[in-house]
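Below you will find the structure I want to go over with you.
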Amino acid sequence: MDEWMMHCSDKLHEECGVFGIFGHPQAAQLTYYGLYALQHRGQESAGIATVDGLTMHSHRAMGLVTEVFAGNRLESLKGTASVGHVRYSTAGASNVANAQPLVFSFRQGNLAMAHNGNLVNARQLQNHLESQGSIFQTTSDTEVVAHLIARGAFPTIAENVRVSLSMLKGGFALVILTDDQLIALRDPQGLRPLALARMGDAYVVASETCAFDTIGAEFVRDVEPGEMIIIDKAGLHSERYASSAKKALCTFEYIYFARPDSDIDGFNVHMVRKQLGRVLARQTPVEADVVIGVPDSSISAAIGFAEELAIPYEIGLIKNKYSGRTFIQPSQDLRSLGVRLKLNAVRKIVAGKRVVMVDDSLVRGTTSARLVSLLREAGATEVHVRITSPPVKHSCYYGIDTSAREELIAARKTVEEIQEFIGADSLAYLDEEGMLSVFGVEDVTHHGFCNACFTGKYPTDVYPSRSLER
Amino acid sequence: MDEWMMHCSDKLHEECGVFGIFGHPQAAQLTYYGLYALQHRGQESAGIATVDGLTMHSHRAMGLVTEVFAGNRLESLKGTASVGHVRYSTAGASNVANAQPLVFSFRQGNLAMAHNGNLVNARQLQNHLESQGSIFQTTSDTEVVAHLIARGAFPTIAENVRVSLSMLKGGFALVILTDDQLIALRDPQGLRPLALARMGDAYVVASETCAFDTIGAEFVRDVEPGEMIIIDKAGLHSERYASSAKKALCTFEYIYFARPDSDIDGFNVHMVRKQLGRVLARQTPVEADVVIGVPDSSISAAIGFAEELAIPYEIGLIKNKYSGRTFIQPSQDLRSLGVRLKLNAVRKIVAGKRVVMVDDSLVRGTTSARLVSLLREAGATEVHVRITSPPVKHSCYYGIDTSAREELIAARKTVEEIQEFIGADSLAYLDEEGMLSVFGVEDVTHHGFCNACFTGKYPTDVYPSRSLER
Amino acid sequence: MDEWMMHCSDKLHEECGVFGIFGHPQAAQLTYYGLYALQHRGQESAGIATVDGLTMHSHRAMGLVTEVFAGNRLESLKGTASVGHVRYSTAGASNVANAQPLVFSFRQGNLAMAHNGNLVNARQLQNHLESQGSIFQTTSDTEVVAHLIARGAFPTIAENVRVSLSMLKGGFALVILTDDQLIALRDPQGLRPLALARMGDAYVVASETCAFDTIGAEFVRDVEPGEMIIIDKAGLHSERYASSAKKALCTFEYIYFARPDSDIDGFNVHMVRKQLGRVLARQTPVEADVVIGVPDSSISAAIGFAEELAIPYEIGLIKNKYSGRTFIQPSQDLRSLGVRLKLNAVRKIVAGKRVVMVDDSLVRGTTSARLVSLLREAGATEVHVRITSPPVKHSCYYGIDTSAREELIAARKTVEEIQEFIGADSLAYLDEEGMLSVFGVEDVTHHGFCNACFTGKYPTDVYPSRSLER
Amino acid sequence: MDEWMMHCSDKLHEECGVFGIFGHPQAAQLTYYGLYALQHRGQESAGIATVDGLTMHSHRAMGLVTEVFAGNRLESLKGTASVGHVRYSTAGASNVANAQPLVFSFRQGNLAMAHNGNLVNARQLQNHLESQGSIFQTTSDTEVVAHLIARGAFPTIAENVRVSLSMLKGGFALVILTDDQLIALRDPQGLRPLALARMGDAYVVASETCAFDTIGAEFVRDVEPGEMIIIDKAGLHSERYASSAKKALCTFEYIYFARPDSDIDGFNVHMVRKQLGRVLARQTPVEADVVIGVPDSSISAAIGFAEELAIPYEIGLIKNKYSGRTFIQPSQDLRSLGVRLKLNAVRKIVAGKRVVMVDDSLVRGTTSARLVSLLREAGATEVHVRITSPPVKHSCYYGIDTSAREELIAARKTVEEIQEFIGADSLAYLDEEGMLSVFGVEDVTHHGFCNACFTGKYPTDVYPSRSLER
């Protein structure tokens, strides 16, 4: 893997964003803007399905929302209810067949399904379904759910959805469009976020509230873990399909994935990040001249860190905002350019200074090493790295693309070894108690969050193989 | 529908071409060239699936073969066995989900399937499958076959394919790729063509023999109606999955669809066409100065017609060969340009002459009317139209896109009325006996061909609705 | 050069087609259809410029006419006068800067210029212009003409055009659009064709008459060698800018370049070709069972040849019509596929037969060799090659892309050696007298045609270097 | 103009970025990365020209750098010297003919030229050149310079460049590539920036120093106003082509255009912006709970403003980073979405707070009005707007795309009226003295900066019409 790809892969990655709307004459267009607001959750593919009385219309393709629906593609997506999806681009297997929403027909009509998350028992369920003669055209968990629903014994789709859900284990936020209903639900632990809003007479659901603000919808509440919401002409109906499990919202949604202007389960993302920076500053103070953040996701935390220690916050690293998928990698001769192509140190800010570089997470460590080196070349006399989350030591099975465990630097090295690896004058992580204190949680073992990537304590059973790819 | 589209739609249309190869290190590339040779059978979408030990690779998209596999797309299709497909572009529902081969996995492994034809009982089978919980992601018949195979009770795929086939009614040529086999089969009546060839140690199957010539493979024989051929490392194995039905090969394959250099079931297409022209000339002679054909498909027949009557054959209509899907339709003000944009009369050939215009078929009549008018404007003193097939009066249910019956001009008008409609000085069709005489067949009621579109006598049961689209 | 490219390059190539219209509200759209009809004269790039009162609009790009103007590109080309251009794709230097029409502004207003042909003294004129301070942004002759016009001393553009023309030597058909005039002219020898038509009140000019038929314009007459036609609101005005030179129309326009439905200088292309075949048959008869032509350009000649000798004409070679620029070349392992990918022999036609293969010209000989081999593999017992033009031994300096002289097989080998090279049982060329007899010309030394590529006798001075590329 | 376009056009726009390198084996690739770093200066088109001994290679097209050079486009740009250009996208006339570098040949060889800025006497020079017979293929000033150079009387290009420059008036930074030299120069007032760096033995020039950091080149110094630098195999040679004028660097480079990590003429852009915020805070303090900046360009200034008044700085507005040129505008029914689609207020930050919104400039006022409204909807109790530059009242003639003067709100309204128009509780601008104090300049009338857009006092003659478009 070259320098550049190392940088890109040195973060955890969200796998999807979902959006749904019911009861608005501009359903497809609003879904387009909603997905545009959720684009940070996935840039591989985008898709929208709408329903117009009896007919279901859909379009999905590889690319950004603005690319997939360029031209007059939206015009054919008629109807007053819609579901949309954006999907994260993994390095290798870009595949239009895996683009969502998954659209199919079965004996009870048409169905489109958008899914954020990962089922830990998908492989087992698929084996069971195949033994009964099911075929699989994709490698996504979503198709497993589709088969379960289609095999349901009940006369309504909603009932069959409910029963199917009781078989699923893992993290999932699902938005399902039928010929006359929009169904939204969240896994029993609430691992993945999902929120509800109103827009006039219409209802809207989305992975993050920033989508509501973008289209001018009014936030109502978060969908509850284990809750299934059914929206149709009769209005909104809510029920619980799962008995109350311990809530376990993914902390990384706050740390890195979500947009700072989103509120998730009552907390604003930017404010959480800033507070993480403050707590970290209290835990691991350092004498320094300037505090900088790694753009874009660590800016909030850096501001908090700086405020707490009354050290000036500065813009010490500038990110190029015009990167794209067609970017040409440096040739062999120019590989040393590395991370410079995307990030640049502001020499006048850091030269001759003791610098604190705040970053939200540290996965493989390679980018941090480049950034420390970049700051030193720009004249920093000391570089202290502060990470506003605990060391990532375990893989995620709930919809986050962690590297394989052996690539997680904290699974192999001590903090001191990592500090040496990245070449920092000091390195400190936020600890779990500090992280949870931001949410007002004191008991680490019985809190409302999933910290499995830090602790290895998974809130559900985890099965040997999560992969559906043969 | 405007002038231009009328012209395009004034022919029957084939729905697909299929190709398969087993045992060649360049499987994907040869499939590419094979599909390129079969491109006339479908221009909407193209796709190839290959198998490389355990892994199946596939790519399919809207567009011509050369467009779909532009760049280095072929390189990722590794393996020594391959199946490919080209699909016809209907006016409206271009949809990548319907592109083939259909690729799926089930309990017995991976399977890719390419299908030419149409099942008349697809809707009934789908209803049955849905009642058992199947979901459908496409609107193609092929997915019905996939579900049937997956639900089979036998331990091998080949056995489950055989049983599934016994449930199918209609016209189909299927090429199926599994993890270690290539299966090729043809419907019990042989409605759709399929042929077998060798290329060194490799076996090849294709809808038409022109694909063999293009890749330098050696024709072995046609696949028999009701035959299933299984090719694997052990070699080629053939069996009959259906008891011998009356053979009923589609005559339109000769009249219009196939490439002139192909041989189907023992007859060369070009030579059949030329002979059709000769017979028609004997049946409906005419005093004229020159015989011309409508390019490209009627040239062979026109030559035969001219030879029989010893009237000079001439190139009286020239076709523009640079048309493409992005062609801009004439605006309202220029609609009168009509068919001129694609065909032009050679004034020096037809001016002052009595012209026989030979065409292979006449479906809606609108293009013929334009051409007669074009020839008169170019100075023809008389225009006699000769059609080298009988009047098309009935819809096809076996994989041909006939217009709805009410749009078939021969279903509504007498020959005299049609002559008046198209403005010809005389109009004559080849009759069924004459058509069949070309193949050495005398008994019209018990021949080896399907002439249902002329006679309304279908060689299989026909069910009320053939459409899978809800 | 690989097999495939050898085939493509084994013909001479025209370099351009031009079109102009004045006085029609749909000027751009008609130019689009006109260029579409002229597409065979050049597939590299296409462009249109229109004038709308004071403003000139233009668009040009690499690609076919239908590609360059896909979407709503035509809509911005407003105005009632227009000039268009298609350009031939040479193997290497595809370059949008060289796409035409060349559009520029100068002290007398805006000017768009479309040019078919080649100036033999372009390099000298460019040197002269550069010595006076001119800059050149393209490598096309057209820019030389632009500079000459701009430096003219007269108060009207038309006068400056006339004076500039008197400096040009070579072959050219020029269509020039100014803010209020359309100027069309042809070189003094009439080396390149240009014709005039009317369409209601509008005037149209085009390289070939097939463009008139396509848009429904009425042919008026050919533009005369040395004639300049000026069309404006006052109507059409004609004058001679050059004293009468000996006319020298390029014979290859008839032999290969032009569309069969076009008439050039009074002769129909198809009929000339057919007659060339007849004369050749008389000159070099052969005992054979069947006559075939190499598609598409040699079909007319093959029919004439067959008629003359009363041997059956047959369709023995079929061309794939779906080739495109993105066609993937065979890999090293499959190079033997060669010409098969584009042309296929009809086995049932040629097997066991003595075959005459008629071709219009033979430049490098490589494709002919492949075709002879292809026919033998398909079972032909004898293959006799007949070329309906004399041996090409000399380069063209008037706008045709002949290979370098050392690549012209007839410049290096005798007919017997060529016959051996291509593996034919016999090979014969049409001689010059025979070729000219088709046009009713008897005196070879004083005829109205340019045969320089056969004879080396150029109708103008030829300068050492014709290339503008440094 | 709709809501969305109003937002986009509510800033001044830079027109170009230039880059050059001499003496590096990876010249094209480094130019690509350099242009990538300068992409913020222009997103309409990009181009690179290289020279490889005698041959000049170039490619330019519409689009971002990463789009224009996607695939293997860079590979053909061989050579060790290169010049590159990015151009700003104005709303209407996107035109590949205007893309740079302008490449041409003339009697002294090949020349490629990249130009940032605007000549105020371009129209006069063009008139003069046209009267001598020059033709113009573009509407860019650059072509005027090309003609002047080509008409020069001296034996070397460098001498002709020098003489040509003495005729130019206005703002320009030019990088010129010849067959063996790289020439870089800056206008006599230094209106547009240009800097010099080294990279091993190679020399590099660029509009901004961020390009040097990106490729790892070492900053040497700014090019001086009126200086011409000639780089060839003999090394670097500098001379003054203009007597020392009063320096007049564009202040808007600091206020808005340049990247924060660039240093221009000795000042770091981010630090200048922060200081502008501080000075403004001292001049126009306000009681408030939180200070926010409009992303991205006003963040630095907002931090400075907040620090000075010891009010917390917060991230109150979040910008969507995935916008693209294909973004679909809201339909009529959804126009009220307006600025929301691109910017979102963080409700938890601003609700119930007195907010100071810092922006770098205010041109038409429409976006500011939307943002004030957005903040109020998100619960802000007071919104105070602070602009870190003086009111823009005059058009720029030196390469900045100011709106027409009648669209500049400050040219028509008083500050009180503007405050009312945008709906703010208070509005204050930085005054000129305050702005200049940041640079240590006291005497406003005799400083080293161009403030003409604020003051109307232009540092050069200004001619009636600057437009080259007829």
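Letters A, B, C and D mark the chains as written, and numbering starts fresh at 1 in each.
In this text, contacts are C-beta pairs under 8 Å (C-beta built on N, C-alpha and C of every residue); 3 or more make two chains touch, one makes a residue touch a chain.
Just so it is clear, the model here is predicted, and its values are computed rather than measured.
Peer 1: Compute the distance, rounded to whole Å, between the mean C-alpha positions of chain B and chain C.
Peer 2: 36
Peer 1: From the mean C-alpha coordinate of chain A to that of chain C, what's the distance rounded to whole Å?
Peer 2: Those two chain centres are 59 Å apart.
Peer 1: Counting only Cα atoms for the centres, state how far chain C is from chain D in Å.
Peer 2: Distance between chain centres, rounded to whole Å: 48 Å.
Peer 1: Looking at which chains touch which, would you call it a line, ring, star, complete or other?
Peer 2: Per interface graph, the chains form a ring.
Peer 1: Mind listing each pair of touching chains for me?
Peer 2: Final set of chain pairs in contact is A-B, A-D, B-C, C-D.
Peer 1: How about chain B: which of its residues touch chain C in the complex?
Peer 2: Against chain C, the touching part of chain B is residues 25-26, 29-30, 32-33, 36-37, 39-40, 43, 64-67, 69-71, 74, 210, 213-216, 259-261, 263, 268, 270-271, 296, 299-300, 303, 307, 312-315, 318, 320-324, 326-328, 330-331, 333-334, 336-337, 340-341, 344-349.
Peer 1: Which residues of chain C touch chain D in the complex?
Peer 2: Touch residues, chain C against chain D: 54-55, 96-97, 102-107, 110-111, 127, 130-137, 146-147, 149-152, 470.
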